[in-house]
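Multiple structures are listed underneath, in structure tokens.
Heads up, the next two complexes both have chain A, just with different partners, chain B and then chain C.
This part shows the complex of A and B:
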């Protein structure tokens, strides 16, 4: 079971690739890519940054041992050329790429991997991703070009977690927070707060001939209208987060190229399972039938969204086809379930949303309207984003919530941190020993078939217990001037420019 | 006069202390946690507690305020929780942009508003008066972000006269610098034009009706001399008071305008910092805005005596 839209997309990609061979153009060197960021970055330090915009910048400066492919379904070599995994799944041995230098001229060796790892795991360091490596028992460097990770228990998603181990040089004197040094295609030059961040081409980059651009300049521009006018008038030649209502207009403009993918960005409607009536699974299931996913995709996303049943995309290897189309828009069925649950006359509850995610407020309105038909009275409460985090995530003070979630590659990313007991992201506080065990087993199982079977069961449970029901997968949309070539969009919000060139 | 100015400068101390304490308390009372903002939402309670301790957020609020105050008196504004840059450096980078924008907006609005105000007062109830008065009402009632986007669509997208966003450094050329400044200054100045124009008009009308104006006319003075010399000088006194307050409005308005035009000033910095609960940055920006507001009003008060020598500052009353 695959989505029609995705097949079409694959087809278009094939045509584009074929045309690419026919009109194969040699990349040209030179030029500056001026890129809009959705807002100011938090920090340039890859081990501390927690924002998407921060990641969009530093991913051009620093690299990891491995990096996901564009489909986000396998890890590819980056600073490691290859690796072996022991039979028991406990030892990962990486051979490092040789002849790589950092922007400061220092050669890249295993000591840098260990230094970077230790920096993240230092208990006094406010690392963003220390929890990614809790399974690592020891890290060793038998020689300059080899790194060995010893795990405490087998961990199927270990390679995908390694992406967070961004490699910086083994040199205490470098102020990473102000002057990031890496091995990436572009070197950090300056960051003027509120104005711009400039990266320069790294001439000694290991991937021969790359990158093509002389420089990348990032400008924080929070206002959508301003960003679009700057793209149309040539002040910018690359933007992300294109508003859905403007996609059609930009696609008609022959001076622009629009990039669209259906990735891992998704919306859900979640319930506080500790609070009546949402402590009753039948009520939660009923909510699943209150959502008109097609109408939401059309009315709110101008068609740039697909109905969703579960966190994991339908194209993913671990997606359980048996759950496809479980929840449809069926108010009569919802009413039936509510009656069965003991709420024949409905109930009143709140939906907490944040203006940081304006589309989710519209979803709440549509769901509230559907609720009224069967006697469910939803009050929509808008909270400023930090307050939303405080009340919903930290304190669990909510009835229901709607929010956008992004990210994920390995199935573990989609389920463990969201549904295991005690995890911060288990907003809905749904927890059973059975589900916990399945999640733990799935992350430890080493063969993909074994893991797949467990993830199928997990999806069955989540659909039936419905601590949250999904609404839609969102398209991610970026745009550039049409002379910008070579950009490949992933299903995440990545903006890597090592293959990008300007036809000028 | 000098004594008066010195006394007023001394008054700054309690004002800034009051502003800083209020801001400090408001920040602590606002839900949301800087530690979560730094570590990301996925942070475990243990990590959050560690960061809170490292930032001193686990101490009682009065201790935190005392530490902050002690640092301020040593000229240390602290370090941004997010960017890890010294707050003084952020302010140094971004305050000039706000100052330029505010001054340009005020200059532009004053230069337009006062002549129009005079004109509409003299030509009361004519078509010109009605047109300009309606425009003034438009300026006051339009939301500034809406007007800002309208300016971008007309002057950047359709006419292509001015860039839609950003600030160009002096070094890149004066022409380019002003091109970038025009639209944000227009957008920020719009409200001021409306308010100032209507104020000038009404105080001119009041003055024109006075006996001494009739006397001046009766003496056979030219109308220009009557209006510019006798009437305007008196009418300007209340207008100058309003101008002092407008500086406050402009600083407040710059928060929105800077964000729309991606103008790298401290208003936008404050907005980002508030969203991220970056306390040291918010404190510094509020303090600086308060300082600018108080100082500019002091200047306005001094200007009074210059415009109208009848007003003498009573040194005792100060």
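This part shows the complex of A and C:
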């Protein structure tokens, strides 16, 4: 009897624990997520926005045919349920999800995909990502629920590029920049510039039962201290870009959850290869040996960074292990290379940075200090962000620069737009027919083995020619109140709140 | 009693003004002998000694790159004083010239010059300095030019007002009727008698220049790293206000004391030069 009794008690306890577990994990509905944005967004229009913050907002409003998984290594269905790729790699046929409606009540069909595609590819429209689709020869809609893309040549990264094809409704009368309409879990409500952006739960969202939150409110708060205090006092319940020096403190706070990933956010030291002395590859290589990457990771990132050699992370399938540890901190070697290049007494040059990226100014200071040891005199120039973009990116008026770069899934993302001739993001103006050809071939190669071999060569070239040398991969760090559940961090700075709920 | 002796007596009775002079003299000594006074190289980092609180090795602690804040403040005094002096010389020379021409000749020239100062006055001072910096590009030298330009209308107005008072004095009329040329009258009779207000304004303008240099460097537009400007130290240190308060406290104190001292001197000068102040 006693024995049975004890067993029963144990059984009851187990049941209670199990139920508690189940209930604890069951998402609850309601609540508002108040999110700090690192800065004001440029535009809500997903086809025009070029900022990380813009993307962090609109990715909750609009969707694409496919979306990357959290590891960023494969594409998953979103507005397409499945797809087939022809043997020759030239035809992609997508079956669209049925029963999906836009926030304005309009049903989603193939006409919307074609409308969105044509909007991006319209030569008169300043689309941010038109170059992602230059290989598309034709787009067709055989019926309401099917879309077919015909490519001019096989392009291994096509599926991952399709994420940029954000779908908006086929309706010219909608002013996308003022009132973005999509199929996503949240509908755009209002944007008071400089103050807040509000999104509301979309009750007819296709993914049953989601989302859980009633609303998401974004507030641009560039000042770190303000952001942290508001998170701790409850004015905010989600922040990104947590300052590195505060990570340890926040992790100890039981009222908060800290999210960290080492992803594709990276810093580099780039050179204008059109200007002496940086037209000489030996000089550029020498700069690679002037960077004390461990000291930077320690002093500037409080250890939340790892030394980097190249854009693509070391965990990526296309990373070339042969280049690991090429550039170390070795001023003597740098001096040797400079002497070989014909600058035995060093030279003077400027480093252009922006106060928008204060950590990069610190890196410039440490590099300048290492330079002084071998006669290289770097003058640091801080430019307001839009001036920086104008001088460095648009005009190419700089000697060297340091800036943060984020993003990339397919190896093409890490190399083509940064190093191909004529690309806007080829800040360093390094361009040779050989590298162009390798980048183009790598796009066209269909098997992963073939592509890997080409990307290995591309990395070899970039390490030797060094139009830029890398400094560190940075950890991305976000934090929320501990009752915010279900957030999954990717290696990019994504903030998608479809699965997020508040335990209240 | 000669004019200067009278002035000195009046000024030295004002103990606060003397304190101001003492602080500025101390600052001058720091600026002139910085390399001998500073215990460390102000731009040399030392990662192993980062964010150390004030100790006997580092009187004012260290910053996030392990640089000695005491040494940086001593070297920073050079930048602050340099900016103050050069900016004020630009502003006084150009401003006085405008004020003299406008005040002495009057008429169309007066209207034209005063409308120009009106235009400059229409902009808030710091905003105008930021706009000028945006055109010239960031550097310490450009800060001097920007602050100089911002202060030109103030000196122009003050000079013009004093000139207007002096111009109608009997001795000026006498000189004119004797056939002395304008240049002679301006330099011999007018300027010396119109200087008092300008002298008072100079100390206040220097304080303003030092504050604006700090503000512009705080915004990244002024002195560029790694050079130690008090303003840029504040700017970078503010992110560490809770963990390393010494990093912002000491440059903040340096700015405060300097500006305070210059204002004390300005007050003292005004009292000493004002004939209405009764000498007890």
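By our rule, the second predicted complex is superposed on the first by the 480 of 504 C-alpha atoms of A that agree within 3 Å, B and C clash if a C-alpha of one lies under 4 Å from a C-alpha of the other, contacts with A are read in each partner's own complex, and residues count from 1 in each chain.
One rule holds for everything that comes next: contacts are C-beta pairs under 8 Å (C-beta built on N, C-alpha and C of every residue); 3 or more make two chains touch, one makes a residue touch a chain.
Since this is a predicted model, take the numbers as computed values, not measurements.
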item: First, second, both or neither for A:225, with chain B first and chain C second; value: both
item: If touched residues of chain A are counted for chain B and for chain C, the larger one; value: B
item: Touched partner set for A:366, first chain B, second chain C, both or neither; value: second
item: Which superposed partner A:295 touches (first chain B, second chain C, both, neither); value: second
item: Touching partner for A:358 - first (chain B), second (chain C), both, neither; value: second
item: Touching partner for A:30 - first (chain B), second (chain C), both, neither; value: neither
item: First, second, both or neither for A:243, with chain B first and chain C second; value: second
item: Partner chain in contact with A:379 - chain B first, chain C second, else both or neither; value: second
item: Partner chain in contact with A:131 - chain B first, chain C second, else both or neither; value: first
item: Intersection of chain A interface sets (partners chain B, chain C); value: 225, 384, 387
item: Residue ranges of chain C in contact with chain A within the complex; value: 43-45, 47, 50, 64-66, 134, 137-138, 219-221, 224-226, 236, 238-243
item: Partner chain B, residues of chain A touching it in the complex; value: 39-43, 45, 48, 50, 123-124, 126, 128, 130-131, 177-178, 191-195, 219-223, 225-227, 229-230, 232-233, 235, 384-387, 389-391, 393-394, 417, 424-425
item: Residue numbers on chain B that touch chain A, as the complex places them; value: 30-33, 36-45, 47, 50-51, 54, 82-85, 90, 93-94, 97, 149, 152-153, 156-157, 160, 163-167, 259-265, 268-269, 272, 275-277
item: Residues of chain A defined as touching chain C within the complex; value: 224-225, 243, 245, 295, 298-300, 354-355, 358, 361-362, 364-366, 368-369, 379-384, 387
